[in-house]
Amino acid sequence: MSQSFELIAAQLVSIADGFHRRGWLLGTSGNLSAVVERESLHLAMTPSGVDKGALLADQILLIDEQKRVISNHQAKPSDEAPLHIRIVKQRSAGAVFHTHSVWSTMLSDLHARDGGLAVEGYEMLKGLAGVRTHEHREWLPILENSQNLEQLAGKVGEALNEHVNAHGFLLRRHGLYTWGKDLAEAKRQVEIIEFLLETIGRTRMLSGKG
Amino acid sequence: MSQSFELIAAQLVSIADGFHRRGWLLGTSGNLSAVVERESLHLAMTPSGVDKGALLADQILLIDEQKRVISNHQAKPSDEAPLHIRIVKQRSAGAVFHTHSVWSTMLSDLHARDGGLAVEGYEMLKGLAGVRTHEHREWLPILENSQNLEQLAGKVGEALNEHVNAHGFLLRRHGLYTWGKDLAEAKRQVEIIEFLLETIGRTRMLSGKG
Amino acid sequence: MSQSFELIAAQLVSIADGFHRRGWLLGTSGNLSAVVERESLHLAMTPSGVDKGALLADQILLIDEQKRVISNHQAKPSDEAPLHIRIVKQRSAGAVFHTHSVWSTMLSDLHARDGGLAVEGYEMLKGLAGVRTHEHREWLPILENSQNLEQLAGKVGEALNEHVNAHGFLLRRHGLYTWGKDLAEAKRQVEIIEFLLETIGRTRMLSGKG
Amino acid sequence: MSQSFELIAAQLVSIADGFHRRGWLLGTSGNLSAVVERESLHLAMTPSGVDKGALLADQILLIDEQKRVISNHQAKPSDEAPLHIRIVKQRSAGAVFHTHSVWSTMLSDLHARDGGLAVEGYEMLKGLAGVRTHEHREWLPILENSQNLEQLAGKVGEALNEHVNAHGFLLRRHGLYTWGKDLAEAKRQVEIIEFLLETIGRTRMLSGKG
């Protein structure tokens, strides 16, 4: 397991650095995780409060299903670990990525009253797992933000049940969660959803619809 | 031929990486190709479903005119290979680049009902092959997006016949295709057209014309 | 002390380079400082008039409380050193960062008549020192710009007294000042406040509120 | 002289690469020059039609006052060399930089009927050579674009005479020219003017003034 953990940790660092450069993980925001062992759940995860542009592989934590740190690291797991664990279990995900972009922050607020945001008719949607055509309609649920993370994890669980086809969701004025069967799929979906949110936001500006 | 293929593959990787950084090939979108041999057509091409920011030269495919993989790679050719092949043959192009930017996605939708987008009076136009003055008027045809790629290749062929001077075209809510006699010319034209699309999009916002 | 100074100088260079790449320190604008010794105040600081994208560690100055250069460098301290010194003393800061972004320039002007700008309800606020919830309301005071830096330092001192919880302030049509107990905290707060200013600016555009 | 030329060539390459990354020299647009010898004028200059993101030092040309290539390079001097030569002579500049950004392209068009664009009251102006306060008013003349470069050089000469304090000018729908006593000053002024143009453009959008 240790070699696999090291490999996953190095990949998380590289992905975090790329996302930080794009402005999606500024100011220690966001967190990335990946499953190391599924039976007795072991999750590699970025620690709380670190600069994602200066992360080192040996800062990546290994936590269990109760978000206990089981590696020899002293760092604190992120408060949002319960959301990652919930998604991993409910979606059988291999990786869960949470980013904070300007566009996801804005659009999660603007569409909060609708409970979600529909994205439809873009070729870019074809990159989402299992989607075969641009004629797909993706519903991105939007949940109210909260500092009670255990409660929020429960609401995330409900939303995942209600929207079984959703590839991600937004937390209001907070950011995006998406996941994949592995690191590459989760990374791809972050890029796709961030691209689509920027496109939708700019289209509103371009067409003058406030 | 093999050395030439290796050199072309290395250049495709480098160009793909640069475009990915600019946000023009996010989420495995887009594809780049270049002619290795023209007589019996051999095309070097980025494979389907790979992260363009983490591409390796040995992932580049060599395909023939029937989009059969003729190198020893197991990877799958992109669904859009028929469009590349059509353009190579009809324009005698040495390289064909397809990018997905936010601006091309938006403007291809906004101008779809006109069947194209005129770009006129910009110095930047002088960088397009054969253009000698900013007083040039470039017509970028816009085609409806489709998942029937063979049929779409036929429509691309018709558009190329109809607009013999076009340096590129847009697929609606999908992205840009442009090409050149070689890799450098195709890269230059991607940069030029993307710059002009951003300029046109922002000008609409600046002048409040929704 | 010298080793600590060298380490701090190297970190200032690395942070300056990153901020320059993001467009927050263009054209020799902005300045960064960090405390090397607090008793008899010694401050490491970027010199006046240098390109922050091409800074070298041995260009970093060491100055005292009277902004005298006490290292062996010939370079001139920034005119804004009195502001850094004032903040270090009044907030017991370990690092003071001043950036010039497009968004801080614009919003500091747009909200100048209100004397400041309120930022409220964003998850990103949780990254500010001591803030535990997105339900936080941050007031960013805005001060009129001036070339009389000693006088301006006095006004900064008053603003810091009046707004004891503020994590930063804006100079009108000039930029952002923030600080932290150390380099990492100051860097984090720059990223957070710049993110929030961009979010607020774009939200105004998106919602059509001029 | 040869060592000085090599050093200047290496710096031009590094500056070109940085500007290309920021999107200010896309598609082989723009050109950079620097004086190697002033008596009998020798100018190091980027050649015509090259990718500024993949430039090599040995591609930099050495030209004389009649834009004859006097180094052993085969490359073609840029059509815009007469503008560079004119500016060098009339302003005693040590370096002349010409960039094509989206913002300079848009604003040079929007303000063309006024013959120029006023920039006033920004701290960033203090970085322009000889400017000591943000209360400075910079007038950026705007000239109609033309493919008759000798004639255009004449008009540039007149504009430089008329606006003796101008630190740069715009060509309509084309881009920015600025210069400095050396490479560092010219680079600084590009960054400053580009920053200010972006600020002015976005402010128009933010305030809803079309």
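For clarity, chains are labelled A, B, C and D in written order, and residue numbers in each chain start from 1.
Everything that follows uses one rule, which is that a contact is a pair of C-beta atoms (placed from the backbone, for glycine too) under 8 Å apart; a residue touches a chain by one contact, two chains touch by 3 or more.
Since this is a predicted model, take the numbers as computed values, not measurements.
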Number of hops, subunit A to subunit D, where each hop joins two touching chains: 2
Smallest number of contact steps required from subunit A to reach subunit C: 1
Label of the chain whose CA centroid is most distant from the centroid of subunit C: B
Same vs different contact residues, subunit C with subunit D, by half of numbers used: different
Separation of subunit B from subunit C, taking each centre as the mean of its C-alpha atoms, in whole Å: 43
Inter-chain centre distance, subunit B versus subunit D - centres from mean C-alpha coordinates, in Å: 31
Multi-chain contact residues (two or more partners), subunit B: 205, 208
Category of the chain touch graph - line, ring, star, complete, other: ring
Which chain pairs touch, all of them: A-B, A-C, B-D, C-D
Subunit A-touching residues of subunit B, taken from the complex the two chains share: 23, 26-29, 51, 53, 100, 102, 105-106, 109-110, 145, 147, 171, 173-175, 201, 204-205, 208, 210
Residue ranges of subunit A in contact with subunit B within the complex: 18, 22, 121-124, 127, 132-135, 184, 187-189, 191-192, 194-195, 198-199, 202-203, 205-209
